[in-house]
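Both complexes below contain subunit A, partnered by subunit B and then by subunit C.
The block that comes next holds the complex of A and B.
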């Protein structure tokens, strides 16, 4: 059993290496943009981070802007997975002793986990180099909420790509869900915000669902008791959702996926 | 994954060192805090005809302890004095109302402005002494306890000064001396002076990369280089040849490994794995 599992893992490792190799160019270009932006922001905002409670909002704004690049990278990488499924690239490798779940797992790591890891490193390493205390002053939540949000939606798009095998659907729905939908959903909540007092329970439930779907926007609701969960619980629920999407995608790939 | 991690660490280390070196040494380039306040100030006589005004900046200034950073505190202190000299009218017994004094113009001359950077506790003691009317004691305390003393110079209708400050929490207080002179020969009267202040404070930082910071960036880049080297050692065949050939080689290598299971021996017949 151990030998069999080892062989399976080895095949996934071999294939993920190939997939990573095809996407490496995009990662290098992203790093060339992200690291200088994050490093310059860290140099300029480091004194404010240390002297403000919770690190201040400055670096959060920069991360919100660079998160857009992470969104584009993830959406287009997941779209390339859909393209591989529909274009016949997957057929070539699935004709080898590589399971469908292993094939999907390799793509999941390469298209969702790796961009998020690279983004997190591009944000955290400049802070570590300038002064390690900046990391603890900012806290894990402030550093990683953008990564968590993109990973959550990336896993959802991966499930969508596995089921639909449509590049266009992944790109359109991905950009809509990550760039437009969070602002559209804020509109009804903004209407309730103008009414003084604690918002109705249904609005608070809606706001809680919203922060679980978009953890990086948690700070919009951090005052006034508008949401029912704290940042840690929101992060945990977003992580659970992300894991559920990933497991669903792998199970679908294992049981139902057809490669044409 | 090893290769991507290596590339990320290598690029993050090198690019951060470049950014640090590029932004390093630029004076006052990094803003920390800036605030402005205005209002009236308390004044006391010093005993020799000189009056002393006292002004304390409201909020303490917090300077963080940050590797490679130095901070400069700049003050701007503008005085707008409303000064009048009242000559009282003699009381008239037939008119019981309060006599209206006749205001005359008087000159307000500032003879010196000095700012003191103090710890919040010392600033509270200085303020308490001044409020108790112990002007000399307040001045002595400020001189003795000050972290830095800033003699302010006049520039553009205000008094300005700056000083380098280390990490800590500080309060800034300002003492200014002034004399009021009444033009011409006047009857005995009373000087009324109400100096108003328009003050601002700003702290800017300068980063000068330290050897430790540069070593840390090289550490990160070095770790990335080691990971890339390890990846090259484990997968040498993928790095050989020109770029298009390398893409095919990578696919052929992956297909070959999947077919064979473990091991890195070339497949029978060579295929794309041979030297170009």
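The block that comes next holds the complex of A and C.
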């Protein structure tokens, strides 16, 4: 069994290197944009951020803007996985001694985990190098929740790609769910916000679901008892959801994924 | 030993049955032709055999393994060329060879040998997208050969190849079979080419197997002419005797052996006659050389009105 597991892991390792190689261009371009932007923002905003008591919103705005790039990268990388499944790579490599779950796991790491890690490092490292207090001002929790949100939706899109193999569906649904839907969902809740007093229970449940789906936007509901769980619990539930999507995708790949 | 065992295999796509109770065997060490009209279910069957598609019902064993459940172990021992080999368009030829070799636990040098054998070695640094259809086919064959597979599944292997490349490929298949004992399943529409290499055949049409067996058995059963090679101490004298038999349509002498073509339906009579002549002309061995696939296809597939 040890030999089998060893072979399995070795092949997933070999294959993820291939997948990372094919996606390397996108990762390098992202780094070439993110690192200078984050470094420049840190240098330019450091005097303001470090002198104001609350740290100021400057770094948060920059991080929110560059997070959009992370969203685009993960969506298009997951779409390239759907393309590989339907367009030839899947046929070629699943005809080799590579398990279906191993094939999917390699793509999951390359399309979701790697971009999120690259983004987090591209933001955290320049701040740490320039002045570690900048990272505290940005808030490590805020950074983690932002990355978690993209990873959560990335895992969902990955599951969708595994089942549907449709690049178009992944791109359309991914951009809609990550860029538009969070703002659309805020509209009905904003109506209740104008009514004085604690919102009705159904609205609080809705808000709780919202912060689990979009943990980086927890601060929208941090006052007035609108959310049933704390920020840590919301992040934990988002992590659980992300893990569930990932496991579901791998299980689907193992049990049902066919290459027509 | 049986390399491939398929029993009552059924497969549907969105409720439309593509394979219905497909049943056949391919013994180890054979070169099996997989024949049938367009839409017969050949490609789907091959994809089930390699574990890319899951069967709905039935039993499938390839080299003693279940392709869907034990696909990774199976694919260590099987090389496959798909009907329309698709590749990641941006990848270079050398990258694909390198990674497939690594997945198969082989060195890049071994992958290069396969590339040389199929004539794709001059294009190693080219992107796959820049290759012609013929060279994509050669690349697919090279990838299938990496790792010394025990079983090769080739779906339309000569499609898009020029005549010289076709002959080279057929010679390669023959050499792999003869020298290394590799079992080969070749799906093709080009029956004369299959006749050159196959000693076994599986006929399929409309998602059902019509017939399967060794060429010798099938030729006997369907009364199709067969060719035998006979080594004897006095081949010329034996040839003179054989040419007089009414059911022998061709006799050829060369390299100490006689090659005889026997009309369909007379194989048993021929073998009885040879038994008698054998003592007089000191026959050392008799080998079945092959039957004709075209008349077999005609009788098994076309006569049933299932050919397209």
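Here are a few things to note about the model shown:
One rule holds in what follows: the second predicted complex is superposed on the first by the 241 of 260 C-alpha atoms of A that agree within 3 Å, B and C clash if a C-alpha of one lies under 4 Å from a C-alpha of the other, contacts with A are read in each partner's own complex, and residues count from 1 in each chain.
FYI, contacts are C-beta pairs under 8 Å (C-beta built on N, C-alpha and C of every residue); 3 or more make two chains touch, one makes a residue touch a chain.
This is a predicted model, so every value here is computed, not measured.
If you put the two complexes together on subunit A, you find that subunit B and subunit C bump into each other.
Within the superposed three-chain model, A:205 lies out of touch with both subunit B and subunit C [touch as defined at top].
Contacts of A:140 after superposition on the shared chain: neither subunit B nor subunit C is touched.
Of the two partners subunit B and subunit C, more residues of subunit A are touched by B.
Contact with subunit C, but none with subunit B, is seen for A:99 once the two complexes are overlaid on the shared chain. In the superposition on chain A, A:87 contacts subunit C only, with no contact to subunit B.
In the superposed model, A:236 makes contact with neither subunit B nor subunit C. Of the two partner chains placed by superposition, A:191 touches none, neither subunit B nor subunit C.
In the superposition on chain A, A:14 makes contact with both subunit B and subunit C.
Of the two partner chains, neither subunit B nor subunit C is touched by A:168.
With both structures placed on the common chain, the touch criterion links A:247 to neither subunit B nor subunit C.
In the overlay built on chain A, none of the stretches 6-14, 42-50, 60-68 or 96-104 of subunit C clash with subunit B except 96-104. Residue overlap on subunit A between its contacts with subunit B in one complex and with subunit C in the other: 7, 11, 14-15, 17-18, 21-22, 92-93, 96-98.
Chain contact summary for the complex, subunit C toward subunit A: residues 13, 47, 50-54, 71-73, 75-76, 80, 82, 85-91, 95-96, 99-100, 102-104, 143. Residues 7, 10-11, 14-18, 20-22, 24, 27-28, 31-32, 35-36, 39-40, 43-44, 46-48, 50-51, 92-93, 96-98, 109, 114, 117-118, 121-122, 125-126, 128-131, 133 of subunit A are the ones touching subunit B in the complex.
Taken in their complex, subunit B has these residues touching subunit A: 1, 3-5, 7-9, 11-13, 15-20, 23, 29-33, 62-69, 71, 205, 207, 213, 216-217, 220, 235, 238, 247, 250-251, 253-255, 257-259, 261-262. Taken together, the subunit A residues at the contact with subunit C in this complex read 7-8, 11, 14-15, 17-18, 21-22, 84, 87-89, 91-100, 102, 256, 258-260.
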